[in-house]
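Encoded as structure tokens, here's the structure I'll be asking about.
For clarity, chains are labelled A, B, C and D in written order, and residue numbers in each chain start from 1.
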Amino acid sequence: MTTKLKVTVWGENVHEQKIPAVRAIYPLGMHECIASALRQDETLNVRTATLQEPQHGLSHEVLEDTDVLTWWGHCAHSQVEDAVVDRVHKRVLEGMGLLVLHSAHYSKIFKRLMGTTCSLTWREAGEKERLWVCNPGHPIVRGLGPYFEIPHEEMYGEPFAIPEPEETLLISWFEGGEVFRSGCCYRRGNGKIFYFRPGHETYPTYHQREVQTILRNAVHWLAPQGRWIDSCPNIPSDKAPEKITSSAAHHSSPGQADKS
Amino acid sequence: MTTKLKVTVWGENVHEQKIPAVRAIYPLGMHECIASALRQDETLNVRTATLQEPQHGLSHEVLEDTDVLTWWGHCAHSQVEDAVVDRVHKRVLEGMGLLVLHSAHYSKIFKRLMGTTCSLTWREAGEKERLWVCNPGHPIVRGLGPYFEIPHEEMYGEPFAIPEPEETLLISWFEGGEVFRSGCCYRRGNGKIFYFRPGHETYPTYHQREVQTILRNAVHWLAPQGRWIDSCPNIPSDKAPEKITSSAAHHSSPGQADKS
Amino acid sequence: MTTKLKVTVWGENVHEQKIPAVRAIYPLGMHECIASALRQDETLNVRTATLQEPQHGLSHEVLEDTDVLTWWGHCAHSQVEDAVVDRVHKRVLEGMGLLVLHSAHYSKIFKRLMGTTCSLTWREAGEKERLWVCNPGHPIVRGLGPYFEIPHEEMYGEPFAIPEPEETLLISWFEGGEVFRSGCCYRRGNGKIFYFRPGHETYPTYHQREVQTILRNAVHWLAPQGRWIDSCPNIPSDKAPEKITSSAAHHSSPGQADKS
Amino acid sequence: MTTKLKVTVWGENVHEQKIPAVRAIYPLGMHECIASALRQDETLNVRTATLQEPQHGLSHEVLEDTDVLTWWGHCAHSQVEDAVVDRVHKRVLEGMGLLVLHSAHYSKIFKRLMGTTCSLTWREAGEKERLWVCNPGHPIVRGLGPYFEIPHEEMYGEPFAIPEPEETLLISWFEGGEVFRSGCCYRRGNGKIFYFRPGHETYPTYHQREVQTILRNAVHWLAPQGRWIDSCPNIPSDKAPEKITSSAAHHSSPGQADKS
């Protein structure tokens, strides 16, 4: 009876095709592993889309029918068409939730929404990562303890060149000595965004229970709250809430060209 | 002895050339009026740059030599070259201050830094605007009282589609009944950004004392605090702060292609 | 089947008893008018509590059984017992939502949660107030248009001495010329807080449709997301996630006295 | 010629008197070590004050003459008189900077300014702490590299029960496996606040070069920007910016009692 939340899981789907070690871990692709984790929650209606599909599987119709989009990309960010990025951007500002995963810190859509470089330090040594919860009552960490560990992961370290998060929810401790803000909450326009660090393609991270719990929780937290169709409306003088007599130095304003 | 703060005042400089009514108010261009207001402060070293110059007057050398950039544009946002926007963006993230004026809410650089549409409602009726100070102790409003008025201005109204400001410093009351967040503080990367609403080209706003006070104060507040040259460095295992033995499933990682 | 959200409406209930003009508008007390507005939503389970009851009606048991607390007070803030304020404070940090109404900007609980004076400017002239929505997609303003008006209200003006809101959702325009941040969102601990400006006792504000819509929407937005029982636990060396050998210069630490 | 910044270093000064191991490290008291580090900067005018002095050394006159106050306390928070806390609180809101050190996370003044419990997890095992810089261009970390280490420190771990910092500037990695937000920036009223984690009394932390650099940098960042004497002024109808005719339902308003 209740309407299900519509989730589209987007995957770059390149490493899985090219690198046997990655395919061994994610035989159906990383996106299918993520989608499968989400499908354990029966209140979610989950589909997938990949880079290789026409319009990367993110047509106007698909995005209109998506409440929350998850995004994993790494080696092919530059192959994502700007027109698709424009469309996703617009939908986030209208209210669609966006879950940004791991190396998608460098995706076009995340950089566009943040307005910064989103760079970081990194090392691929398969070291241990321990993620600490900064707000144990937050719905995204429901069901988790004070921390959880991932046995082998790529390291991402500070400085992470993002705008200050509205909530820093998770911080990672790495065996090699670094730290990282691994769970970052944002609102842009009417949409929510959550960046979640783990998920290097050569480790079975998305098979791990705690990671899957966060994916499911995050999708619910990212659910749209309403819809804001943004525009830049002119309010003529006779429609002003208060009566005014226009004293404008009227000219055929070229300045408004870029607004309409 | 003290090094002066280097300010570059950027002006679109189109209305002044095309519209006699605008030229009558700003015979040397709006940018020269703004520059002149800043030059009243002897600790500032002020130059101007306009759309019409090669590279819009914002070469690599000029930007390297700029501590704070002010930006006014309205009808020709789309004519600003992306390469110049890239360069300004990079410098802001490194620490250069950016003062965004009036209709530059729709400039490429502001939209890129904000990640949102930056739209608003508007009306050109020459109505009265009253700007209220939300934090009387803030350096940007030093020398002002609880509010000041501009006799005739274009109206900008909420919703203003920006990320939540780090500080909402000024809120406007309009005669026609609207309100607007007219002074908004942000940090992105290592740079500060201040959006200041007033300044429609058909009114003598930048000649007004209180407006000029805010321009000067804002430039000082926007002064760089330091410099952060951002990159995305790999930290090899033998350079990790803690001794680790790499257990990475090594492969010639195509994923790093986009990082180097 | 679904559990209803438990709301406790707290009212100071003093003006209603003393001033006939107030009693004429709110014959059962302001709290009953607010409660009645909330009861129109059948998913809410609403009770009231007032200053005059033992423990002001906010015993440990009542607060444990409360998901969202609404608070209206004006002339008797100082009569609220500190022990009750402590208890409400603790519950907010655990996750209980708090809706702070009008003159409760000066309540003990709001000042304690904000850490600032929460002062403002004010005038009682029965002037018109127009509230503008800054984020039309936000669930608290669902069902409203771009703005709504209250024909007669007390004026509150900037500067409003609060920490920067996490979201400034509503801004008021007053007939007499002032502006005010009238809808302010905060999180503290695991609880959400919403400050909503209107509601002077001598006007029928809480009878107005749009105001009632916001009250209902706000209560839902304020619903607890989870529970965080805060403490300050010692983690002994042998319980550290990583093996360490304590090299502590042990002394019977008096410093910990205040922690346990 | 330039006016020096006036700094008051407040110390609890209890452990130093009672525990020989602490006195061995800080023979003149921790406050004198901190003051001495600040005095290396000739633009600072530094005095000290301690719990044992009348009014804890923080009379009205001293606070009026203080631009930045540093606060270290641990075992005697409850002995700090509320009247002194009120006075410090008022001065911070007016613009005085506050540097909150280590165990002062539990001081009355920090808890009052934050509005939360400010609790955390902790362990005293003399383990290694490594502090990472999240924004390398920030003036508080000027002169430091990407990170620095303290060989032996008490551990503080997340969750740290504070409002979301306006900037999380430093994050600690602990040998025992925890992480902590160790450098947190806030503004309250017109004052700035910086929380800096390190400084357990049984280790020579405040003798360390990098820590002293941060203390000096922080004091400069905390310098007052202006002064805001807060009040709650009534604006009578005939002083309203816009002409209004009061339609107030006048009554001798008891509600204003708490405002005047």
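Keep in mind that, in the parts below, contacts are C-beta pairs under 8 Å (C-beta built on N, C-alpha and C of every residue); 3 or more make two chains touch, one makes a residue touch a chain.
Computed from a predicted structure; not experimentally measured.
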Where subunit A and subunit B overlap in contact partners, by chain label: C, D
Higher-contact pair (C-beta pairs counted), A-D versus C-D: C-D
Farthest chain (mean CA position) relative to subunit B: C
Between subunit A and subunit D, centroid-to-centroid distance (C-alpha), Å: 36
Centre distance in Å when subunit B and subunit D are each reduced to the mean of their C-alpha atoms: 32
Centroid distance [mean C-alpha coordinates] between subunit D and subunit C, Å: 27
Residues of subunit D touching at least two other chains: 121, 130, 135-136, 157, 159, 164, 166-167, 173, 177-178, 187, 189, 228, 241
Subunit B partner contacts - residues on subunit C that touch it in the complex: 121, 130, 132-136, 146, 157-160, 164-168, 171-174, 177-179, 181
Sites on subunit B touched by subunit A in the complex: 14-15, 18-19, 21-22, 74-78, 93, 103, 106, 112-117, 119-127, 152, 154-155, 157, 159, 161, 163-164, 166, 175-178, 186-189, 201-203, 228, 230-237, 240-242, 244-251, 253-259
For the subunit C and subunit A complex, residues of the former touching the latter: 94-95, 130, 135-139, 142, 147, 149, 166-167, 173, 187, 189-190, 225-228, 241
